[in-house]
Structure formats: C-alpha cells, structure tokens
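Let me give you the structure first, and then I'll get to my questions.
The chains carry the letters A, B and C, assigned in the order they are written, with residues numbered from 1 in each.
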Amino acid sequence: MTKTLKDYVFFVYRCAVLTFEGDWRYFLWMTALTAGALLGLNAYCKQLVTGLSVTGMSDAVSWGLYIANFTFLVGMAAAAVMLVIPVYVYEDETLNDVVILGELLTVAVIVMCLLFVTVDLGRPDRFWHMVPFVGKFNWPISMLSWDVIVLNGYLAINAHICGYLVYMVYLGRKPSPYLYKPFVFLSIFWAISIHTVTAFLYVGLGGRPFWNAAIVAPRFLASAFTAGPGFLILTLRIVRRVTAYHVSDKALMMLRRIVQVSMIITVFLLFCELFKEFYTDSAHVASSRYLFFGLHGHHGLVPWIWTAMAFNTAALILLLLPVSKSLKYLDLACILAIVGIWIEKGMGMVIPAFIPTPLGEIVEYFPTTNEWLICLGIWSFGLLLYTIFLKMTIPVLTGALRPSSSTRP
Amino acid sequence: MEEERKPDESCAGAPEGGGISRRAFLGTMAAGAAAATAAALSPLKDIADLPTLEQFLQQHYKELTPADKEAILERIRDEVQAKYGVRPNLTDPQPLPGVEFGYALNIGRCVGCRKCVYACVKENNQSRNPQIQYIRVLQMRKGSIDVESSSHDYEGEVPKEGFYYMPVQCHQCRKAPCVKACPVEATWQEPDGVVVIDYNWCIGCRYCMAACPYNARRFNFAQPDLPKEDLNADMGYLSNRPRPKGVVEKCHFCLHRARNGRYPACVEVCPTGSRKFGNLLDPESEISYILKTKRVYVLKEEVGTLPRFYYYFDL
Amino acid sequence: MNSHPQEPDRSKRVPSAVPTRAAALMVAIFLGLAVFFRADPVGQGPALDAIPPDDPAFASTLPARKARTEMTFDGAPCKSCHEGTEAIQGSPVEKGVFHDKIALKHGRNKHCFNCHHRLQPANFSDFDGSSIKLADVQLLCAKCHGTTFRDWESGAHGRRAGYWDASQGKFKTLVCIACHDPHWPVFKPLRAAAAPHVNPRTRKAAGAPAHGEPAEGGRR
C-alpha cells in the first residue's frame, strides 16, 4: 500500500516537473495567468481588510458578480458529463481521447467555483462552521449545505477518476473497472445534481419570483451543456495546435452536435420563460422588465442582456448552419455561445431577482474595479490550473512519459 | 532527483539563440513572481480585526455550556470596554415560558415620521456609516397595496396628501425562509418566536438576505461605525451587542428589552401609538385583542411565511 | 486514450533556452505588477459617503404635545375669570376676548359646552350635566368616541411604554389629549426624520423619475 502510494506520489512529482518545461510562449501564457491571479489576490486582500464594501453589492443587491460567475461555472463543471455519457454509457469511441480532458476541466472549474463562493463570504475565517460534523451543518434543510456537499463530492470524484486513469496509462496497465466505473456512473448522476442543486438554491426562494420558477434547473442544465462542451472545443483546438496530442476532427464534430442540440434547447427554454413572464404581465414581471427594458428609468442590465441575446442568437444560427462544420466558424459560434450564456446565466440570472427589492425599491448594481479584478484573478487561476493539468497529463497520454523514460523525454 | 536535472545544467552552459538558460530563467521568474506576490499581499498589513484564537474557535451558541457562555460574555464586555470606554451591561436573557411575541402596526394611524427607525438605530447600536437601519417606512399610494409604487426616500412634512405609510421590519416569520436558507444554523427561531442571529457564527454568505421576502436583513459590508457616545450599554448577546464586520443582522424585537418584560424601542417612540407589541399566548394582551377585534392582514401572505408581524386598521 | 505512443512531442523540440526578450517581458510583467500593487491606483473601492449624524430629536419619545395638568388659559386658572356661579352663555368669538383665538376643528363638535362645563370651567361636562375632572379626560372623549375609548383601554389605541409584562413592571399610557389637541384632534403634520441613505452609485440612471412616482402612473 505504502509502495503504491509512494509510486503514485513519484508519478505526480514527475508530471509536476513537466510543468516547468516549455517554450517561451508557454511561459508567457503562464506569466500572464499568474499576473491575472495576483491581481485578483491583491484585490481580495483589500476586500479582506476593508470588507465587502469594496464591491458594488448592497443590502438590496446582496449577491453580485461572484455568485454570477459561480453559477455559470457550476454549469461548466457539470458539462463534462456530456462527454462521459457517450464514452462510458454508449461506449462510443469518438470522444474516447478527449473525455479525460473534459474531466480535468471539471476539476479546475470546481476549484474556481469554490473560490468564487469563498470570496463572496463575509467571514471566510469561519469556513469551518460549514464542515460537516465539525461545524454546524444545516443539512438537509439548507440548499447551500447541499451545494457544499455536491461540489466537494464532485471534485473528489473527478479528481479520483482523472488521477487513476492517467496513472494507469502511465503504468501501461489496463484500468480496473471496479476502481473507476462505479465512480464514472456516480459522476454522471452527480453532474446533473450539482447543477440542479445550484438551481434549487435560487428556485427555493418564494420571496424572489424571478427565481421561483421550475424551469430554472432545466435551463441551467441546457445552457451548461452548451457552454461546457463549447469551451472544450476551444481548448481542444489549442491542445491540437500546441501539443502532440491527437484530437480527431470527428471528436470536434461530435462535440459540435452536442453544443448544437443543447443550444437549441437553451434558446427554447429561454423563450418559454420569456413568454410566461411577459405574456402574463403580472406584478412579478418587474425583474424581467428591469433586465430587458429597464424599470422606472433604471437600465443597468439592458445592454448586457441584449448583448447576450444577440450572441446567443448568432451562435444558434451559426450552429444550425452547415458553416459551423468549418472549425473557424465553430470556434466563433462557441465563443459567442459561451459569452452569451455567461452573461445571461450570470449577471442576467442573479442580479434582476434583487431588482426591485421585495419592498419595491430599485437599487442598481454596478460591479467595482476590485470586484472585476477578483473575478479576473479566479478565472486566471482556474485557467492556470487547467493548463498545469493538461501539461502534466498530455505527455502521459501521448506516451512520452512512462515509468522507464527519463523526466525530460 | 539531481541526475534528472542534468539536462538543465547541460544547456545552462550553452544557451542557444541568444536566450538565457532555463535555470537562470526559472530562477528569475520565481524571484519576480515572489516579489509580485509579496506586493499583492501587502494590503494585509492593515488588517485590524483578525480573530483571536478564542474567537476563531468559539462554538455555536447552542453548543455553549453555561461556563463557556459566561466566559464569552465577559470577553465581549472587555472588548466593548476597550473599544467604547464603557463597561456594558451585557446579558443573555432567555425566552420566557408561555410567551410568544407578536407585533401589530396600525396602518391607519402611522404618519410616516420615521421616529421608529432612529429609536431602533439608537437602541440597537447599529452602524451609523455605513448606515444600517432595521425599519424601512414605505410611503404608499392610497388605493394601492403594490410596494413597487412606494417611495422609501420621501422627505419633509408627513403625512402627505394621497399617501399612507407602511413600515416594514423583520416579521419574525413562523415559517422563516431565512432560517431554512442558512447553511450553518447561525440564524434560528427561539421558542418565543423571535428569529435571532449568532453574530459569532454567521459566515456572511448572505443567502438569508436573498431568501427574505421582506428585505429585513442587513449586512455589515464594512466595520460598523458607532460613535462612542452613542453606545447603548444595555446589551443582549443575541440582540444589540456591537456586531463585527461581515455578518448579517436584523430586527429582533429588542430581545434584551422584550425578554425583560419591556416594550421594544420602536413601540415606545411611536408618536401616534401605531405600534403594538405583546404576548400572543396571553388572551388579555393588547396584541391578542387586536387580532380578535381588528381587520388584520400580513404582508405578502402568498409567500406563506406566516409572520408574527401584523398590519391592522381601525379607521 | 493512449493511441499514439512514442509520438514525438512538438513542444519539446524547442531549444531549452528562453529568448532574452521574452524573459525580460515576463520579468517586467511581474515587476510592473509589484509597482502597481504598491501604488494601488484602484484603492479600496467606493469611499464612504458623508452621512450627517442622526438628530437626537429623531428618536425622542416626547408625546406629540404637552398635556396640561391644570385647566388654565394663557397661564391663568379658569376661575380667575369665571366665578362658576352662573352658567356661561354665548360664544367667546362674539365677545371678542381671550378665547377667540382658539381654532376649533373638531368635526361636528362645534360647541364649547359639549365638552366644557358651564358652571365649573375647570372641569368637563358629562351627558347629565355632572362634571368630569381633567384627570379623567378620557371619559369625556368617550362620550363620543366609544370604540376608540374601548381600544385605548385594551391597548389597541394610543401609546404605551414601560412593561408589556405586568408581572415584571407597569406600563405607562398617555391620555387622549397628550397626543390630540382637543380643539383640533387630527395630528398636525410632522417633519419626517431623515430618509435612509442611498448609495449614489446605485442610482446612476440620470433623469430617472423620482422613485415612487412612476412617469406613467401606477406600476410599470
């Protein structure tokens, strides 16, 4: 047992050493990401000292950019399941080579999610109050306690699957199905549940009609399955260009179909929601009206949401047309879809529920520079993490790193 | 690992293409990154409210033994004395048996003068800047109960023609969404119906604020600022002791007064006598009388929170 | 997952050394960052707004008016003018002295002796001509405002202070005329205490109609 552990640690060490290898472009990329992460760290230090008053949040709009990013990223994390299902359930070979990259993305993204929740806390020093059995965990009543469990659980499951499978490739052994298959199937169930639980976080609040709609969870899943695989397409395009790892066009086209179908569903569900809101035109439409058209002369989110609508529509059209079989247009469609969904599901989902307040007051929310910097920091750190994961894994997957090979093949 | 590092050293001697060697490069980068990190962390030197080990390890209110609690009360007395120069009368009054608090507000009498707002601020040691107020008075159009057409920032002489006034504060709901939301049980409902917050347990996630249909909860976005001379030294642990930065607070029916048999500050200050308070379980109390004889409604009944805060009218 | 063993890794083909210019750029990024953090041009974010200190009058528990304890007019007791031997007649306005400045706006109750006693000017008058003392003024008001009197007795009307719990202490209440001017019982308008402070950053929309007064009236 200790021998196995020692070998495994040595394996991780050898992979880690690889992250110090690369040409200047790689180092510049890493430097840029580190710089971004440090900008965030610096802004967060200021937030720690001064308090959340460095943000644009208020008693009226008590959640902002942090929770918006969190919501979007939980979706990205859940999206790996769209690769896992074809590969492990249908045993479709097409995505075989890329599924592990999707799972690695999940790990990095969940770390980002956890960071976004942490920076949103007023008392991060009291994090231990949330640790089951140590603190006082309001489970199963509080949806947030469910979120803590599903996020950390999903992180652990994916870390295990990635670590184990990559290690087996390294050793040249066939992975034992008992050690990963149950986890893979668990992860499918779990992926759906992390995003559902995140949706329920909002849906369960009767005092916020904008969120209190059953369609939120399905919308979350559909948009997640658009943005996540879309992001993966972009990643794979880069991986294909800068590493020796083979990513087939067929795999990219398979991902395109996933993004395509999910995008259609996303737009359809969005349409359903908009119809219900605006056709009914009850008092509860105020938040949606604020979001899309502004309310009583306040238009803070209007440019954002119409950008998102334009991007989503453009992405949908591109994805429906055969032109997106060309990788360049596919890239464009993915970028548009990701940005569109990031706005719509982040700012567009979180902020309007607070405007107007339950007492009818309109207090708008404008993120501050420090807030943007913290978000930039977490995104940079997440990308840094994902780059490191890829840098560690790809030489193993290509066969360049084996127990017998020297560290620098 | 030394032998595996060899290739590094071999190229250290012969950099190609006019570049610098990998080893020198990594070293420089590490130094640069370290310098930048140190600079990034520099704001931390100004941190003033780092929790002491005792504060950090303090258990949840419900887990405290009487001895623990007394030690904590003593510690807070010391902290308050050090900061405000007054030794507070800090206690932890317990719920009274056979008492469930209820509140009624005469919507026909309220003139919207906001005295309750400031009596509350004074009684409960709220931060003055950033400003925290538990009570929000809505100026409503006559003929409408839609809060969206209300004004919160009216000024000058009141009552104004064509308007009526509806103050809102924590409704101490029987089915409190905030209590359900809290991931760490830092807010809960006491046997006398008051929803309280353990300011030393709240993690500041603000999920309760998102959950509250009455916008009754306030967050300490910065270190609360309370002038020394404005401190109310009569304090309760779960009510008006000074709060730290980064936690949520709200109306608690002046727990330190109510549990000692007294009326909340907002009741005593109201110049029109629109505010009524008492024991719902006592059939003789004024609150029971109002519920029996007046036309009573609760705000946002459709949300199903079952508030203990009622609005009534008799005009 | 491992279908391409031993394929040479392109990224490893590049020389191990790093071009000086690229290295310099990266170091410059870090040093620039360090300088940026030291200079801190972003600062702590929005500064606190100036909020004037709360006026102590905002939280004053004083009643709306000062209730008298003795029946006087301009400081002089009633009996200094009214002997109390014969019933007072007529209206003071007609007589043009002393009481003509009294502004009487008490609904249909327009006659002095609906309340004041004709013979005993320091007392009030009950239905049957018997007197009501100033200390029992609520009984006078109860003549017309029976339901309000009942509410006052039960605590639903009027102010209370002190103890809600009779077992721990007494409550104090105020009589009708401590708040209502008997000649003009409707409350005079008060000056509202300061409105809640609103962070100006959250009200960026220039030219937005004042909140609560939607341009087209009503919601939306």
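Everything below uses one rule, namely that contacts are C-beta pairs under 8 Å (C-beta built on N, C-alpha and C of every residue); 3 or more make two chains touch, one makes a residue touch a chain.
The structure presented is a predicted model; accordingly, all values stated were derived computationally and were not measured.
In summary, the chains found to touch both chain B and chain C are A.
Judged by contacting C-beta pairs, the busier of the interfaces A-C and A-B is A-B. Once CA atoms are averaged chain by chain and compared with the all-protein CA average, the nearest chain turns out to be B. Computed from the mean C-alpha positions, the centre of chain B lies at a distance of 21 Å from the centre of chain C.
If you average the Cα atoms of chain A and of chain C, the two centres end up 48 Å apart. Centroids built from CA atoms put chain B at 32 Å from chain A.
Annotation for chain C: residues 18-19, 22-23, 26, 29-30, 33, 37, 48, 198, 211, 214, 219 touch two or more other chains. Shown for chain A are the residues that touch two or more other chains, namely 24, 27, 31, 34-35, 38-39, 42, 46, 50, 53, 55, 58, 60, 283, 286, 361, 408. Annotation for chain B: residues 7, 19, 25, 29, 33, 36, 39-40, 42-43, 130, 136, 146, 148-150, 152, 222 touch two or more other chains.
Interface residues of chain C, counted against chain B in their complex, comprise 15-20, 22-23, 26-27, 29-31, 33-38, 40, 48-49, 51, 53-55, 58-61, 63-64, 147, 151, 154-165, 167-169, 171, 174, 179, 187, 189-198, 210-214, 218-219. By the touch criterion given at the top, residues 7-8, 11, 15-22, 25, 28-29, 32-33, 35-36, 38-40, 42-43, 96, 99, 104, 106, 111-115, 117-119, 121-122, 128-131, 133, 136, 139, 144, 146, 148-159, 222, 227, 258, 260-263, 265, 267-273, 276-279, 285-286, 289-290, 293-294, 312, 314 of chain B touch chain C in their complex. Partner chain A is touched in their complex by these residues of chain C: 1-12, 14, 18-19, 22-23, 25-26, 29-30, 33, 37, 42, 44-46, 48, 198-199, 201-205, 207-209, 211, 214-215, 219-220. Interface residues of chain B facing chain A in the complex, by the touch rule stated above, are 4, 7, 19, 25-26, 29, 33, 36-37, 39-44, 46-48, 51, 56, 60, 62-63, 130, 132, 136, 138, 146-150, 152, 168, 177, 180-186, 201-207, 209-215, 217-223, 244-248, 300, 303-305. For chain A in complex with chain C, the touching residues are 21-24, 26-28, 31-32, 34-35, 38-39, 42-43, 46, 50, 53-56, 58, 60-61, 96-97, 99-100, 165, 169, 242-246, 283, 286, 289, 294-300, 361-366, 368-371, 373, 395, 397-400, 408-409.
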